[in-house]
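When the chains are written out, they are named A, B, C and D in that same order, and each has its own residue count from 1.
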Amino acid sequence: MENLIALLIAAPLLGAGLLLCGGRRLDRVGHLLGTVLAAASFVIGVVLFADMLGKGGEERALHQHLFSWVPVEGFQADIAFQLDQLSMTFVLLITGVGTLIHIYSIGYMEHDERRRRFFGYLNLFLAAMLLLVLADNYLLLYFGWEGVGLASYLLIGFWQHKPSAATAAKKAFLVNRVGDMGLSIAIMLMFTTFGTFAFGPVLESTGEASDGTITGIGLMLLLAACGKSAQVPLQSWLGDAMEGPTPVSALIHAATMVTAGVYLITRSGAIFNASPDAQLVVVVVGAVTLLFGAIVGCAKDDIKKALAGSTMSQIGYMILAAGLGPIGYVFAIMHLVTHGFFKAGLFLGAGSVMHGMNDEVDMRKYGGLRKYMPVTFVTFGLGYLAIIGFPGLSGFWSKDKIIEAAFAKGGTEGWILGAVTLLGAALTAYYMTRVMLMTFFGEKRWQPDAEGNEPHPHESPKSMTIPMIVLAFGSVFAGGLFSLNESFVKWLEPVTAFEHGHPPISAGAVTASTVVVLLIGVGAAYLQYGRKPVPVIAPRGSLLTRAARRDLLQDDFNHVVLVRGGEHLTRSLVYVDHTLVDGVVNGTAASFGGLSGRLRKLQNGYARSYAVSMFGGTAVLIAATLLMRAV
Amino acid sequence: MSFPLLTATAAVPAIGAIVTAAVPAARRTGAKWIALAFSLATLVLAAIALVRFEPGGDRYQLTESHAWISDFGVRYELGVDGIGVALMALTALLIPFIILAGWHDADPLETKSSRWRPTQGFFALILMVEAMVILSFEATDVFLFYILFEAMLIPVYFLIGGFGDRAHAGGDEAGATQRSYAAVKFLLYNLAGGLIMLAAVIGLFVQAGTFSLAEIAEARANGTLDMSTGMERWLFLGFFFAFAVKAPLWPVHTWLPNAMGEATAPVAVLITAVVDKVGTFAMLRFCLQLFPEASKWATPVVLVLALISIVYGALLAVGQRDIKRLIAYASISHFGFIIMGIFAMTSQGQSGATLYMINHGISTAALLLVAGFLISRRGSRLISDYGGVQKVAPVLAGTFLIGGLATLSLPGLAPFVSEFLVLVGTFSVYPVIGIIATVGIVLAALYVLVLYQRTMTGPVNESVRSMPDLKLRELAVVTPLIALLLFLGVYPKPLTDIVNPAVEHTMSDVQKTDPKPEVEAAP
Amino acid sequence: MNTLAASLTSTGEAVQFWILGTVAVIGALCTILMRRAVHSALCLAGTMIILAVFYLANGAYFLGIVQIVVYTGAIMMLFLFVVMLVGVTAADSLTETIKGQRWWAAACGLGFGVLLIAGIGNASLTTFTGLGVANAGGNVEGLAALVFTKYVFAFEITGALLITASVGAMVLTHRERTERALTQRELSEQRIRSKHVPPLPAPGVYARHNAVDIAGLLPDGTASELTVSKTLKDRGQIRDVSGEAMADLKALEQRSSERLGRVDRRDREDGVTK
Amino acid sequence: MNPVNYLYLAALLFTIGAAGVLIRRNAIVVFMCVELMLNACNLAFVAFSRMHGNLDGQIIAFFTMVVAAAEVVVGLAIIVSLFRSRHSASVDDASLMKL
């Protein structure tokens, strides 16, 4: 069975190789080939899953050792895979949602002449993401980690002719690299501390290392997670990443890649468990991002950017849960999976809307679309209900558990975290209702564009709606299925460990308050956007709104401090290199030249002058000889 | 007596150089084919040497030794360890690609006279450089090495000064001025280094009474050759300075951007991927092996200089407006990594540094040669003259991106393995330096992606609208290099197997052991 | 007198040394300080003769004679010939043109002299052997024995050197005619074409100055370069007497007017008005 | 009197000659000064010969004279040809060595 693991990765990798190197010949079948290989990977995943279910909880993990990657004295990095329940969860999510999005893209990218390459990139992403979750050591994980970064870069910048897309892609890669720096330092720390960076040995011996080291490793892993999962302070790339085609936003920047940070923290649970300080920082980062993303989401008029803010906020939930330790890991992953369904669904819905609206993304120019695209409306609506945590739907089950776990943290921290998560829930309800109302309800607000093309909203083709329907099913039922008999907890417990949290207030009270804040959020949004018509031109808004529209000024800060500062630094360094470093050398040369110029004057060409120097030289020689004899 | 394989690897390109140079003016294309054939023959010989080399065997293999200048104990002594044989193979591997890539670089613009034979000269000089570089990787006699180290400056000087980049912003006149400036700067820097090295070589001879590396190393090891600490340090500095100039290390790096900017892309590859490697290789072979104590004494300073090179080179690369100068500064940053790995004196660092030399050779060759193809199409080196190339020449853009990704050490491509090894090796002994060096990977991403964004993406620049995509000859150059990058990125084992024993030898030379991990992890 | 080792020479020789030595030094100094090359040559010849005397006093009879005959006689005459050939030039001026040359030369010379003398003084040369034994069979015979045995090789080479030198001197001074000599006809044609058909004017003015180095004066009193030989002109050895002639004329007029008692009225009036 | 005085005289004459070479511009006079220096050396050789009691010093002086004669011949020839081409016998006029 374990030999199948490599096939999981090999299938999409083969697809990527064929599609990217195959040339024009494959243009006509490329998309089908890519989809089939993604589906093949999913099938293999299901087979492995079925096999895994047949075994006991502790024996389910599979290992496959392919070959030694970097065999150097004292440094063993292997290409080896580990498939346990946690990885399995991700494999199914990645290949499942991935396949759906491949199918969706067939329709979405139909008119793009570079569709073959798009599928190549998607397959490359799948391969890299699977490598990330299947790796059995941190270095191989890093391989996958950067691989998904590359795929993300290529896909964000897929429409490279748009300067904004190219810039966004670059920004995403760079910000991620900052996070990667954290991951590589963490790996180096592990190597010097434990002499290895394979999951097993490292995680088993965390207790023996010093607290400082473990905290250091934890914080560096967190930095990595922040980069990949768009957490404060490295969140700025995610909004811009929406420049990519919408299926990409759904797959990479909502369902799978951005959750890699959560995977990393959960996978490294032992390290965080051993360092309460690191855990605290994780929780704080999660909480801050949760609110940050939600606030940004409330202010954006671009439907994809609003959803991106929401993604950030939801991942904040997951990171927060992961930071709570064994009481939260399972729920972090559970929320991750349900979020994968409903957020992918929402993005695909948004893509469907854009598809019908000539790629218009401004929600102020939508309105009343429910009549024109009923399937999109229904699936998007189900996703909406799931994300705001409407009781009974997926989001409710997972989010409610996280809120409970936050309260269960205990002490003042518990209360604060609980309050933050509740506030987040309210905000989620608010901004998602706003999106829903602005898009599908009210009057139509679209107008012909400058060239006089009026959009004709229409329902998307089958290849696009079917994945949306499937994902809508997931959004509705997945959470309930997982919570049934605590099946998800039991499934993951052998890997992540699990403790029941004991919130200071009863679980029922938590649930009740969740529902209450949910209603408040929905109500507020309805009052603002449902009762009165939405202005096509955005009102100026309060200071907070304006700041939130600009991503709470993070980009401005980055621009002023990093970009401008960096420009000045490089420019001055170029100057320094030219004048100072080169100048010293050229100066030396010039001073020799000057000296020679002076000395040249001695060479006046008069034989008598030379004779004087000869004569003087002879005198000096004689003097030296006499002196030597005297001494 | 067995067949002198190592001599043959150097003799074949040397003979090739002479034959190529002797081709009559009218048979220009024939000269190219002859040069290519000789370089391929060299490659075959190098491959044989690589196969015959036994990783677990003696330290120096395939040795040859003949008396040369007996009065001074100078011998013609050759031998390769794992590092030498790997670098020799790299050189032999890259030259055919360089020749292919520079196929039209030296075509005369107009027929000046029947005796005007630039093409023959160009390829003959390249082969001459190859011969000298290969022999310098094989020389185990300090004097022989010194001669080659200096002599290879001459053909490179002519390659820079005589066959510069035709794509010059200021026109032919300014181009010629800049070229000769760059060539002279290259020569003066390296001659200055070489001169100081000469003093140290003589000093070493006075101390040891022989030039043979093996004899000196043995005498050092068993204590019969006892140098005073001060003397050892001075000699070390003499050698190190020359190698640092060649490598190049901050602050003696400024010749490289000029040289690489003004030379044609294949020659720039020759300089940075092949000739400069002699400097870093010599640090491993001579500095560490002959002066272990002094090397350890100098380590902190060298590491800081290497660190400065890494960050400084990367920052300057970001600020460049000229594609080739950008790559040159990137190379300075990479050489910083190599030197850091060498002087970290851990197994990982040194293995990493050796792999880095090879991987950097391949990756820079890939990036720079594609950049050369790009530049030759548009006739400009300025980044701002490009834009949207991806749309008109997707294969060119794709290969350029892969070269760029290799330069920024993306996992899966060969340079990642070496860069990470260097970082780990350094971090395990000097954590702070290791962490600061990690900043280099962010900056690398910055300059590569900025370069790619400005040249390849965005709206199509008018001047590149009719740019053709890569031709067959160019694909033949790029594809094998990329394949090799991918292969060595995932499966570097063949290379590490050869390199590891040599690294162990070096580690025992400097009497260093890797630091023990804090916790003995469960297996 | 002990022939083997003595510390003192005869008193006569001492007297001779001090008198002639002083003269020799003065001669040497005059050689370098005299403005005219001819004078220098004569002073040098004097010094050399004194040196010849010293050679004789030191038992080098052959050399003494050779010094007088070959050196003072032949070589110095050669010098005088050349001096005549070259003539007196601007180079004869003793004013120094190179900045600091004279000071440096003086400093170096002084230092060098002091060092040499100190060096000799340093050497302990209190006794000397004398040439009694060596010259026993005659000085010339002794020298001949050495020259033809021990130094025969050097002697042969010196002979070769002399031959080479004489050939060299000839080569250096001999001028090959590089163009055909002009025929009588061509010369006359050239002359007719030039502006000077008649013979060139003669040098000399008013018969008082009929030397060849004095340019003839044109009617306006200026010197005509055509009247003097080209060689003198190149050497800058033309004596310009035009000013002299004018001054003479003026003086003559002055005198005659005084004698005639004529006072220039206008001059006086000018003086009054001033 | 000790014959060493001849040496002092030779040194003095040599120095005077050298100073003359340095000071005078007329090539002929310079040459004369060179001759003076040679003669000073000869005097020293002759004095040495007497001091050591053998004739080798005189032989050297003899050769010096011959060589000096050869030198004078060539040197004066050079001066003459120089004068022909430059119309000057000043050593300072032959300053083409200056860049």
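In this section, a contact is a pair of C-beta atoms (placed from the backbone, for glycine too) under 8 Å apart; a residue touches a chain by one contact, two chains touch by 3 or more.
Keep in mind it's a predicted model, so treat the numbers as computed, not measured.
*Asks:* When the contacting C-beta pairs are counted for C-D and for A-D, which pair yields the higher total?
*Replies:* C-D
*Asks:* Quick check on this structure: which chain has its C-alpha centroid closest to the centroid of all protein C-alpha atoms?
*Replies:* Checking distances from each chain centre to the full centroid gives B.
*Asks:* If you average the CA atoms of chain B and of chain C, how far apart do the two points sit, in angstrom?
*Replies:* Chain B and chain C have C-alpha centres separated by 71 Å.
*Asks:* Compute the distance, rounded to whole Å, between the mean C-alpha positions of chain C and chain D.
*Replies:* Whole-Å distance between the two chain centres: 15.
*Asks:* Nearest whole angstrom, what separates the Cα centre of chain A from the Cα centre of chain D?
*Replies:* Each chain reduced to its C-alpha mean, chain A and chain D end up 95 Å apart.
*Asks:* Report, in whole Å, the distance between the mean C-alpha point of chain B and the mean C-alpha point of chain D.
*Replies:* 63
*Asks:* Hunt down the residues of chain D that sit against at least two other chains at once, touch-wise.
*Replies:* Correct list: 18, 22-23, 25, 91-92.
*Asks:* Enumerate the residues of chain B that touch no fewer than two other chains.
*Replies:* Within chain B, no residue contacts more than one other chain.
*Asks:* Where in chain A do residues touch two or more of the other chains?
*Replies:* 604, 606, 608, 612, 615
*Asks:* What are all the touching pairs of chains?
*Replies:* A-B, A-C, A-D, C-D
*Asks:* Using the touch definition from the top, list the residues of chain A that touch chain C in their complex.
*Replies:* 604, 606, 608-609, 612, 615-616, 618-619, 622-623, 626, 629
*Asks:* How about chain C: which of its residues touch chain D in the complex?
*Replies:* 4, 7-9, 11, 13-14, 17, 21, 24-25, 28-29, 31-32, 37, 40-41, 44, 47-48, 51, 54-55, 58-60, 62-63, 66-67, 70-71, 74-75, 78-79, 82-83, 85-86, 89-93, 96-98, 101-102, 104-106, 108-109, 112-113, 116-117, 120, 125-126, 128-135, 139, 142-143, 146-147, 150-151, 154-155, 158, 161-162, 164-166, 168-170, 172-173, 175, 234-235
*Asks:* With touch defined as at the start, can you tell me which chain D residues reach chain C in the complex?
*Replies:* Interface residues on chain D, with respect to chain C: 1-9, 11-20, 22-29, 31-33, 35-36, 39, 42-43, 46-47, 49-56, 58-59, 61-63, 65-74, 76-81, 83-84, 87-93.
*Asks:* Over in the complex, which chain A residues touch chain D? Could you list them?
*Replies:* Checking each residue of chain A against chain D gives 600, 603-608, 611-612, 615.
*Asks:* Taking the touch rule as given, give the residues of chain A at its contact with chain B in the complex, in rising order.
*Replies:* 20, 67-75, 79, 139, 142-143, 145-147, 150, 153, 157, 160-163, 165-167, 169-170, 173-174, 177-178, 180-181, 184-185, 187-189, 191-196, 200-202, 204-205, 208-210, 213, 566, 569-571, 573-574, 577, 581-582, 584-585, 589
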